[in-house]
Amino acid sequence: MTAAGLGNAGERVEAARRMYDVVRRLYPLCRSITGEGLRESLRILAETVPLERSEVPSGTRVFDWTVPKEWNIREAWIADASGRRVVDFADHNLHVVSYSTPFRGRLGLQELAPHLHDLPDRPSWIPYRTSYYNETWGFCLTHDARRAMGPGPYDVLIDSSLKDGALTIAEHFVAGTSDREFVVSCHCCHPSLANDNLSAMAVCSEMAARLTARRTRYGYRFLFLPGTIGAITWLALNRDRLPRIAGGLVVAGVGDRGGFTYKRSRRGDARIDRVVERVLRRSGEDHRVEPFTPYGYDERQYNSPGIGLEVGRLGRTPYGQYPEYHTSADDLGFVHPESLAGALDLLLRVVDELESDPTYLNLEPRCEPQLGRRGLYRALGGDPDPGASQMAMLWILNFADGDHGLGEIAERSGIPIETLSRTAETLARHGLLRRDD
Amino acid sequence: MTAAGLGNAGERVEAARRMYDVVRRLYPLCRSITGEGLRESLRILAETVPLERSEVPSGTRVFDWTVPKEWNIREAWIADASGRRVVDFADHNLHVVSYSTPFRGRLGLQELAPHLHDLPDRPSWIPYRTSYYNETWGFCLTHDARRAMGPGPYDVLIDSSLKDGALTIAEHFVAGTSDREFVVSCHCCHPSLANDNLSAMAVCSEMAARLTARRTRYGYRFLFLPGTIGAITWLALNRDRLPRIAGGLVVAGVGDRGGFTYKRSRRGDARIDRVVERVLRRSGEDHRVEPFTPYGYDERQYNSPGIGLEVGRLGRTPYGQYPEYHTSADDLGFVHPESLAGALDLLLRVVDELESDPTYLNLEPRCEPQLGRRGLYRALGGDPDPGASQMAMLWILNFADGDHGLGEIAERSGIPIETLSRTAETLARHGLLRRDD
Amino acid sequence: MTAAGLGNAGERVEAARRMYDVVRRLYPLCRSITGEGLRESLRILAETVPLERSEVPSGTRVFDWTVPKEWNIREAWIADASGRRVVDFADHNLHVVSYSTPFRGRLGLQELAPHLHDLPDRPSWIPYRTSYYNETWGFCLTHDARRAMGPGPYDVLIDSSLKDGALTIAEHFVAGTSDREFVVSCHCCHPSLANDNLSAMAVCSEMAARLTARRTRYGYRFLFLPGTIGAITWLALNRDRLPRIAGGLVVAGVGDRGGFTYKRSRRGDARIDRVVERVLRRSGEDHRVEPFTPYGYDERQYNSPGIGLEVGRLGRTPYGQYPEYHTSADDLGFVHPESLAGALDLLLRVVDELESDPTYLNLEPRCEPQLGRRGLYRALGGDPDPGASQMAMLWILNFADGDHGLGEIAERSGIPIETLSRTAETLARHGLLRRDD
């Protein structure tokens, strides 16, 4: 493992372009928590990195939940008496409330009104609405369009289907040399919303592809899941795996121009928290750190008291703190290639840090081992300065008790992590140390 | 349970008047750690709230102590040669050292002097002195009266009795729906001292009466005890009950005009400490918080290492920090009805907080339970604002691990405790939560 | 035990003189980690305090190490063609690299150069160099002398021997009444370096002599060891004893004019750390406290993860932070009698504190014991001021739970440690308390 983050400027520009292309291709598809739009999106991601897909049948019990029926949609519109389509799903897939049941009929505006959703404060934006677990139908439209609507009558069509099918979840596993793994999770269930969630889908798939090319100590499991129900389903189906998970990250909303936001795991000072915060501090990037709250993305599920994984969340501007959130304004212009590249770079640095921040065990822990007879100690004594590599050895040997990662030793000692990492390898080669994975 | 504190202004004025009347009736009685004055005082309190009285015979072993002989007094005076009573117990019951042995004789001033106690710094005040465990007799008088005494001789009478009898302790138990309880303890052994201890006797009996009318989750055990020996006796006789006691408060000196003082339990961050401090912060009342010290009132006994109850102390100006303490100046004018009402209000708010700050267990702790199918989640998704009640559910479910009270969740989440409390009831009704009492 | 620190001014001056004399006598000897110079030094120390010496044969395995061959030297010089000795061990024993192998030969400057060590920045000082575990030879000389050397040839003689023998370690044990002990350790392996390590040798032997005259609760084990290999050897040979060691101090570099530096044990808040820091704060002496690092003196070995003793280090200016360190400028003029006395005084105060800061167990822990019937409580009650000795009793009884030392109780209560100590003895005499040693 020699990479540090995303690499050089050329590589960064190239990665930015590639991820933005993925966002652009995903954008027009109508994703939801189930259905063909989700499957097609995962097919596109699979061009970047192979994905293992699972289809979990509707009706499957997953903890307290049940996998819902599968939803698909072909056509949906509202037409006025003249046949002019006032709202048309063909124009924008946010126009239909996700999981809208099939409907065909002629209604006056008064009857139709409860099924119409707009944003009076943002008259030219279409809101995003869903109704996964409450069977109904509806249209989202701009406030301008809504205001222009006369008393009707209107012809309304929703040519959707809601029937037994499957929930699609996908993952890619980068095996490590140890059996400990970190999860990286993003949600894939939103339709034409570019920052939320396409940015994370593009970044996570690119990250997975890059890690596949590396040899890592830890395994990295990339989860591409419909929000909430997907995470719950994955957790329910992978209960046996949980003890091997050393922590993880939810990635969401990494395409806007804002600085980074790291939301801590419920524990608050888990290894993933310490590592991400260390990487953020060193990055020079504008960032802030937030405490855990039980609302947000799938970190809610991972950190629930009966699951107890140590999973933080990395994003840029948090959901709900930019007006474009969950509206048609979260479009391709709201996401920037360089923002995607910056997020990928940071995530790769987190991996670098995890990989170079292992915990070790000193195999000769009673007093210092005799470094001299192993050729590990300067030949001549007495010089006040023991030299950096010898200090690194002493620090590691003293703190290789299975409790301290190299990164923590680096902070405590002031010795660069790279030096410690190299030194740990040397000590391991001499049989004085082993990884405590 | 709907009350918050003491209720409206009218109720407050009424309660203040009633408690002050109790203080006024108790004031003239000569209480000590045993005897008829103590019994009569408990009879008066029992007009406010029923009391279960125990008479523990003299000689009973209670831990390292022995219940002392019972002391009663009828008459006591010092008369000069002309028959004028220089000091007369009939004028003020502080005039006799508590537990003075019977005495009759004629003495010159020189012989009498070691038996006279006054306060040169406060020439018009009578001090309060006791001699429970050291058989002797004495008089307390003003320095002015002391200085006016000539060489004598004086006729001295103490018509007291000190013989086998009983120690009287009393309690009132407000049963809760759970078997966990809090104790509220005050001492009842001081004679005519209005703030120390009549104020607490009046407030605690009124508080007990009010809680009796409520339905509470926790039990509340009100202890009316002679200081030190009473608490030790109660603890020795109730050893089996100790594991059920979740904490408690000693109440003392709540009638003066000073702000509140809360003295923490020995543990320092016990639940009772956190709750009282939260209530004080919110009250807007002038207050300060002190660390535990092993001196003071009966918190000494409750917090002793072999007992280990988590008991704090609530009062106004601490003993010894007001000059009137343990003198005749701690009289009816030193205690204010409104101070009594303020203390009662605060104590009731502590109960409100304890009752609304239970710890819970999430019964569906693996991921979030599906709130939607229980009708607990807004029907339509996508809105950035999840709404207060849904946030409350998520916070509670995530922290209902038996370690976090609702009040702590309130502080951490910024959600009002009332909302959390209501929400917890809703979740419990849906089988998602149970009290961890 | 009545002493407090070093005692009065006269005693201090006398002790300072005596310790400085020891430094002066030790200074000319050529010590190393083995050999006759070390043995002779221990003989001199044994005039102050009896030492139990052990000779551990070369080749003995001690943990990961092997006791090295014994090194002795008689003569060593470099002479120019005219026979003039350019460098002569007879002038200064720093002139020869410690553990130099025997050598005799004629060399040109070019051949000789790799064997010459000087300090260009400090042209008139001789550096100190060692080569214990790498068989070679060398000379240390001033930069001025080095620059004056012509192309040679030079006659070189090192009349040393490096052969199987023994490593000498020495200790003095002051037995306590309990079986718990503290170690006080100094290194004795440096040649003519007055502050590092003669100052500590003198102070530790004087301290040992003084403690021998006292009756102490804890045992105090004084270790006079060659650095690193000596500590490792002692630990390897005394594994059974380690569980009895309650903590300790490495003493080093206590003769310069600098303030004190205390380096914490690895644990950081061990009892020895709290005690030393308390003593330093009270001393009024200029001092600073440093966190543990795994470099330094033999605290490295004591605090290694497989040994785990709680050993801090007390010195004045730390090694490497004064330019004279490991050079001929660390001479008799660099060490001051008063600095030695100050260090001794501080160390004795640490002992005073340990001795007067025992942990106790309350033998009557349920409520307060009845002090009155034991004559331990003032006869007359009611006085607001309970008096210092009664407060001391209450504090001790409440915190005599085996977790709190008297010193901590002193800090928490504001009661002088002397009062607490006296009070604890009283309580123990009455069967209410026992030492938890």
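By letter and in written order, the chains are A, B and C; residue numbering begins at 1 in each of them.
The rule we apply is simple: a contact is a pair of C-beta atoms (placed from the backbone, for glycine too) under 8 Å apart; a residue touches a chain by one contact, two chains touch by 3 or more.
Since we're looking at a predicted model, the values are computed, not measured.
Chemist: Report, in degrees rounded to the nearest 5, the angle of the rotation taking chain A onto chain C when the C-alpha atoms are fitted.
Modeler: 120
Chemist: Counting residue numbers used by both copies over all numbers at the interface, does the chain A-chain B contact come out same (over half shared) or different (under half)?
Modeler: different
Chemist: Could you please state the distance in Å, as a whole number, between where the Cα atoms of chain A are centred and where those of chain B are centred?
Modeler: Averaging C-alpha atoms per chain gives centres 55 Å apart.
Chemist: Residue numbers in chain A touching 2 or more other chains?
Modeler: none
Chemist: Tell me, which parts of chain A touch chain C in their complex?
Modeler: Against chain C, the touching part of chain A is residues 362, 364-370, 372-373, 377, 379-386, 391, 394-395, 397-401, 412-413.
Chemist: For the complex, give me every residue of chain A touching chain B.
Modeler: These residues of chain A touch chain B: 63-66, 97-98, 117, 127-134, 136, 138, 228, 231-232, 235-236, 266, 291, 293-295, 300-301, 303-307, 319-320, 325-326.
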